[in-house]
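See structure below.
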């Protein structure tokens, strides 16, 4: 019998933590310079940051992408399953390992929209705009989700208690359930991700990410910007189109 | 208010349909022959199927993978979200387009295990074995799932009825919900998939796929085997390890 | 002893032949429509080509790339090694099988620039412009190349005649030697290739391909344009930036 | 007029230098553990190296490949063009930047086989075996290559001296010319490379790499083995088949 005391955790935020990285602007410079100068001039270039900035900007503008691949960042991410479903569509230059509902019992942590999450969708397909929900809508969503999550998790627990395999019982768990993963990418693959999964005033190509994946993307962006500030500035300056 | 009459569809099967393909054994032969003979000898080779079979078997055994990539198969697949979650971890040589819960209202079609689905997991991690469930367990699963699915779908409908955006309301929908996608792959990427997502007496490397993705994989395998019978035989003969 | 009569073939063109394809505009439409409409409305859409054109243009403009992947084209290409060296840098969505200098004796077919090939490079790195050569320069190039090719091929033949392995002897062969390959791609990967390897008045992003790979790209482009004319028009209309 | 004094450098070795890395065995452990235990138990695992070794061996044996991707190694490589031609066929999990014959004048550094390089190929296609050359063959190869390289480089210089663009003049340069590149990969992609490009007594699948790319592969292997000794041992123990 399921525990009537099961405590659900309801979260409106996501966790993104840069676990490790080997990524800085100089990596772009030496990778690009091998084309024209061999490796001998590296020291000189490192003494000339301005020229390096110009080179990075030129590579971004003319879309020479490969020099942005010789670096690596690994993030630990906790977010709802529906976010991971979108995230894992990014195939190129991304490596994933995620918590498994086959190998472990999943924890009762669920997503509910925060007070500032726009709840209402207006316009026709391809032109949707999200607008504020009313207080009544916010209340309805919180109440309905909390109840639905509790019902689903109790059904899951009930099946587990009767000896049903985790991989079978999990069918009833909602896509609002939190999961955890490690994801490794490089600056080029991250820029592709950011171009599609954020909105930004500097973006030349419009994108309409769901807010929850954008919350993940914004935290990844902030961590990356600290590691590779010159590359990050060049990305924004050139319309946030990945090279 | 949600329609109290909402009819749920409960399915224990999956849909896999080969929508189009450009794939046959000769594609492997001419791709491999360009290495050694130029393209002039193609006609001759096509007249000599036995030698072609030997070549395909040699490529498979010694793991020359690239000649198996010059072909293409597109499948339409309907399966639960938890199957698609595993499927889309296959990044290389796979293209996907899936139904979107942001752009359309999702239909109430849900997965329940069939009568022959083993329900109970025994053993320790990495060594799991699935065994038969009791009739009581089968009954419990069906009953619990049907109720949980109905509750979840009604919660979804209730939020939609009050104007909540589809992308928000879907949070409560379970991973047992059916989705639809087109997936395009080639023989090489499909063999990788089959090696991991099926169990088979000829397999040299053990794999422990969840039964539901194996149901999809088996139907893809059958369709592929008809298109490329010599390649398929070589795959089995060489331990079902993708080249 | 090498045959003093060895006949060299000097070519100024490249061979590109679409060997097989499974590619048309409707493939893009049904792949995209699965997101919003399920597959039921396909017939209706096929009856409405104008709406299909609008959809394809929208996908291209807003950079929804995945619907352009459910198709396949295989080309047979003959071009100099220095072209293949650039070509094979394209990793994503490209499959290759090439003639092998380890497994066969390579034929004496070599590249020389045609009369309209610009021979002189002006300007500084990143801003190069090619300009016409003088008749003297053309004559020098033809003469020098023909002689260098003959010397190299005779050295190759001499080593082979003395029993040296092909894989060793080929070291002396120049990158102007012709090779043959099959290459398979889809419309999305091809658009990336064309964006970088052609120059075109509609291109929003500048590119500076070497003329010889552009000759290959132009022929691939022409073959693709016939198979997927609506997609091709949308590519040009949207600045020839791959989605 | 070309400089009659042009000094050619003849090399029989290759350069491989691990420029930077973020790669150790613990990366595999935490990536795998997220499936079953969440991240909380990391400290515990780090205290138990034996259990970690068992986990890594299990992942390798059952071919769970993704945990081996959350690491990164960048190598600087100098080797002949014919080696780079084979190297760059490795598309998945490899990033490249190479010296460009369009942007710089290439240096006269060329490959000649060392005294211990087997020069003679015996047997039929697919079953080749390399055997020792005679002293006469060694002498012939050195002499013929040195002369051919000099002729080719002088032709290159002559065209450059008359104002012909580097991208045109390089057509005559042989595939035995040395080039330089940076290449970034992860342990999983490196294991695929090593499986195909080395011979080794522990290998379960036969491979027939050309000796020169094997020389590069061996040095990459040695550098990787130092960084991830437990993973490396598991690779060898499980037949050197990449997971």
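The first chain written gets the first letter, and so on, giving A, B, C and D; residue counts start at 1 in each chain.
Just so we're on the same page, a contact is a pair of C-beta atoms (placed from the backbone, for glycine too) under 8 Å apart; a residue touches a chain by one contact, two chains touch by 3 or more.
A quick note: this is a predicted structure, and the numbers were derived from the prediction, not measured.
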Chains contacting each of chain C and chain D, listed by label: A, B
Equivalent interface positions on chain B and chain C, same or different at half: same
Mean-CA-position distance for chain C and chain A (Å): 35
Between chain A and chain D, centroid-to-centroid distance (C-alpha), Å: 33
Contacts with two or more other chains, residues of chain C listed in rising order: 36, 66, 89, 92, 96, 103, 125
Chain contact graph, described as a line, ring, star, complete graph or other shape: complete
Of all residues in chain C, those that touch chain A in their complex: 36, 58, 62-63, 66, 89, 92, 125-126, 195-196, 205-207, 241
Chain A-facing residues of chain B, complex: 80-82, 84-85, 88-89, 91-92, 94, 96, 101-103, 110-113, 117-121, 125, 128, 130, 133, 136-137, 140-141, 144-145, 147-149, 151-152, 155, 158-159, 162-176, 210
Residues on chain B engaged by chain C in the complex (per definition of touch): 20-22, 27, 30-32, 34-39, 66-67, 69-72, 74, 76, 95-100, 103-104, 180-182, 184, 186
